[in-house]
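Structures incoming, each one as structure tokens.
Presented sequentially are two complexes of chain A, the first with chain B as partner and the second with chain C.
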Partner chain A sequence: MTTTVVCGLLGFIAWQGGAVLGPALFFGDAPAWAAISGQVPVWDGIWPACAGTLVLVLLAAALALPFGLGCGLYLAVLAKGRKKAFCSLCINQLASTPSIVMGLFGFAMILFLRRTFLPGANTCLLLAGVCLAVLILPYIVRATQNAVEAIPLTQRLIGPSLGLTLWQNIVHCILPQASRGILGGVILAVGRAAEDTAVILLTGVVANAGLPRGVLGPFEALPFTIYYLAAEYRNQSELEIGFGACLVLLALTASLFVSARWIQRKIENTWS
Partner chain B sequence: MVLKTKKPFLETKDLTVGFGGQVALDGVSLAADAGGIVCLLGRSGSGKTTFLRTLNRLNDEMGAYTKGSVNLFMDGRWCDILAPRTDLLNLRRKVGMVFQTPNLMPVSIAKNILVPLRLTSGLGKKQCRARMHKVLEQTQLWQEVGHRLDEPGLSLSGGQQQRLCLARCLALEPQILLLDEPTASLDFKAGRRIEELLIHMARSYPMLVVSHSPAQAERLAQAAFVFESGKVVHKLDKASIHRHLLEECITGSAK
Partner chain C sequence: MHFSETFSRMLLYTAAIVSMACVMAVFAFLVYFAWPVLAGGEWKDLLSLNWRPFQAHYGILPMILGSMYLTVLAMLVACPLAAGVCLFCSGLGPGPAAGAVKALVRFMSGIPTVVYGFVAAFTLVPFLRSHFSGSTGYCLLAAGLILGFLILPTIVLIGLSALERVDQELSLTCSALGLSRVQSLIHVIFPAAWPGLLAAVLLGFARAVGDTLIALMLAGNAPQLPGSLFDSIRTLTAHIALVVATDSQSQAYRSVFAAGCLLFFIAAAVNITVFRVRQKFGGLSRDG
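The block that comes next holds the complex of A and B.
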């Protein structure tokens, strides 16, 4: 059943967008190599959006991972009683916050900064990354906590029974055994960060901003491009570009999943 | 090293352990001698595992509270291991524990021994490998796995895994060994193999072995303690284990 639905969806997108796949979809009229390196601006291709989404997702994941892992481990290993209940409540609250609220929060923060310390502050890649990181944080926390708590008791006691310190135990025994479950959460989180439009809409995405020039500048993003094309297409070929962008977004997330899996295998196998 | 027989290594007084509201051990006072295996007998849920976990303070990891006193003879003197300033890491390295089911890490046979050894001892690569060789010989694994140390530990048979767990803790050079139903998850033959190994090793290490079967205790033990609902109800020596076994059979069948 699930397989049928997924195949149907993928098939539909591939059928609609497959035809436009090619260099022109990414770079428009600009020469490919010059466009990739940013020497020539791309006006009617989705390459800047791809690069923007990739950087944005990596930034959000890099910000959310350490905090998410730390918080999940704290909840699973150290926290007890009321502290644990309180932290769990906070995480649940965060998980149930709609993304548009998160975007609004980022927007309000910039307004606040402009009025107080940094009159020059503007919505930017960094702000969007931070807001996305907060958005995906609960996925990583919950996945980490569940994965660690799912380790059977005797497996969990390996480290302590051999006299490893708390830190050695976490790095060498707990994380390798929980890495598979954590990976699941990271994949969910990355998918969520890659598709979210509401947050970036309010925190720095700009149509035709070109390649991201730094974390303090504006950027383009694939989900925004898709949204924009789908809402305001003027002819059939623009809609087809929208579907092409969908396909590219899928491929992008898929390749992120594969790299995440690769990293997890490395962690699991080394135990070092 | 050969132990002098009848030298006490463990003494508990009024040991009480609870998990939340549940009392798992209720005023256990006992003393055990080195130079032969000491068995802990009793039904499932009678507190045997909890007692073992008190001796390396592993119950602390599970949110248990502990009262009373526990003294172990280590480094040539008596140590009060419930004292607040006890160095838990050091204690757990000196009191090695093997669990009821083999608990290896999902990595190679060699790494299962080398990683904890390197982390806890700070020895060099060469010395670590030498130590690994030694403990694999001690547990009679070298013959079987010496040529395939890079294969995953989990590819071994149950008995081999259990012996690898034993080797892993021997590598840290413990002074006391705790074994929690080491043969429970094994078939008859693999279980017998472990029993022989334990009898051999009891010459060099003071050893506590939990067993669910009085017959096994009869084969292994110099002395035994019978647990029931968190209390020690019998202390048996070599001769009385056999008598107790018979009584168990008779009263057991009469019920």
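The block that comes next holds the complex of A and C.
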């Protein structure tokens, strides 16, 4: 029964969305190249939303990656006993915090900044990026920790036994061996960031912002476009754009997901 | 590159501390903004059934109850289905089919929430509207059904990993006792894997409580007590999104932060319970 429902859902989207797939879906009436480079504004296409999602996801991943990697390595290599349990609990809590609460956190930050030392602060791309980074941080931490702990102990001890320092051991022994696992986790985290709507809903997404102009400006995003069109579509062609956007987003997250799975499966074959 | 031992240690400690600080910061901001309501006498008003912002009534009780009803309904949809899928994948179904179903469930966890909501808004909602008179289609039932499918992969995947772990230890014993595959699954392996299955159900519950988009798109968002499955409800999460998006006055904001705190505490409660269960029963499953 589950199978039927899922296949039905996929088929429905493919059927509805496939009909409108084409340059017109992305760019509306504007010429494609001019629209991509931002010379011509796009009114009835989803290209600005795609660009917004892309920038947002890159920003979030760039912010979350260093801390996620560091924390994962800390948990796998350095931490022991109670400290490890506590840190682990914190990361779990971060992972299970609902995304709307994360959005509320971003909103609260803006209120706080307005009251204290930045009265002109407003919701923007940077804020959404920071909140999304916090949202995907636990995924990266877990992926790093699992990938490092999956390396056989003998392999992990080679570095120290040869007299490498901790840093040399991490850079030359641990990271190269765990890189695939970490990469898989990062791709999954990116997919998570791309699909999330609740966070950006509260932190500065706007329906008709056009291409993002800077990290302090408003932006559009693909999931929000879908949500917005479902609630407030005015005619049949807008509804079709909505189905097209669904198909694009689904294709994006599905391809990220499948590639992450593929990478992880390769690892399972490596160590077993 | 030659970094000293202490420096590289510091680097990792910093990353870990920043990550932990994120949790603290989220918590601190929520409490900071909700404190005026919680500390003053206003919380009584907050726990009332009245949500009339223009007459200064900010009761969020309908939303709390709405969240509870919706979550329970979603669990009622998801748990039996998940149990069936788990049984099918762990031995009742033929090998290739089981593998295919498992891959499909994995893939389901990658489908964006907003896509579920969008498709349901144009298929399930009109269906309910035309088949049950007196309903707009945007109701508890629609949201509950879809939310059930949304949390299904969470429950199935965590539950399956728990089952597989127990299976490895016990399947040989079961065969030696002459139990068939079905008997051993139902009488030995399911009962033995209960801590892991409980964790799976709890995490699915947390996912259902915290989900925003399904409720926002399908549940109708009227702040009232539902009288039947076909009534419109508003959940805590949808409430936060709606109030912040419509830019109300500051008093309404505070009730939103109280709602945020509540959601955070629910997540924390689930999290700590799962942690305790796993600690007590020997770390049966450690993903999360």
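Following the convention adopted for this analysis, the second predicted complex is superposed on the first by the 235 of 272 C-alpha atoms of A that agree within 3 Å, B and C clash if a C-alpha of one lies under 4 Å from a C-alpha of the other, contacts with A are read in each partner's own complex, and residues count from 1 in each chain.
The rule is simple: a contact is a pair of C-beta atoms (placed from the backbone, for glycine too) under 8 Å apart; a residue touches a chain by one contact, two chains touch by 3 or more.
Note that this is a predicted model, so its numbers are computed, not measured.
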item	value
Partner chain in contact with A:141 - chain B first, chain C second, else both or neither	second
Contacts of A:173 with chain B and chain C, given as first, second, both or neither	first
Chain B versus chain C as contact partner of A:80, first or second or both or neither	first
Contacts of A:202 with chain B and chain C, given as first, second, both or neither	second
Partner chain(s) touched by A:110 [first = chain B, second = chain C, both, neither]	neither
Contacts of A:154 with chain B and chain C, given as first, second, both or neither	first
More chain A residues in contact - chain B or chain C	C
First, second, both or neither for A:165, with chain B first and chain C second	both
Intersection of the chain A residues that touch chain B with those that touch chain C	165, 168
Residues on chain A engaged by chain B in the complex (per definition of touch)	80, 153-155, 157-158, 160-165, 168, 172-173, 176-177, 268-272
Of all residues in chain B, those that touch chain A in their complex	56, 58, 61-63, 88-93, 97, 99-101, 103, 105-107, 111, 115-116, 119-120, 168-169, 172
In the complex, chain A residues that touch chain C	1-3, 5-6, 9, 12-13, 66-71, 73-75, 77-79, 86-87, 89-105, 107-109, 111-112, 134, 137-138, 141-142, 146, 165-168, 170-171, 191, 194-195, 197-198, 201-202, 223, 226-227, 229-231, 239, 242-243, 246, 249-250, 253-254, 256-258, 261
In the complex, chain C residues that touch chain A	1-5, 7-9, 11-16, 18-20, 22-23, 25-26, 29-30, 32-33, 81, 85, 101, 104-108, 110-119, 121-123, 149, 152, 203, 206, 209-213, 216-217, 237, 240-241, 244-245, 253, 256-257, 260, 263-264, 267-268, 270-272, 274-275, 287-288
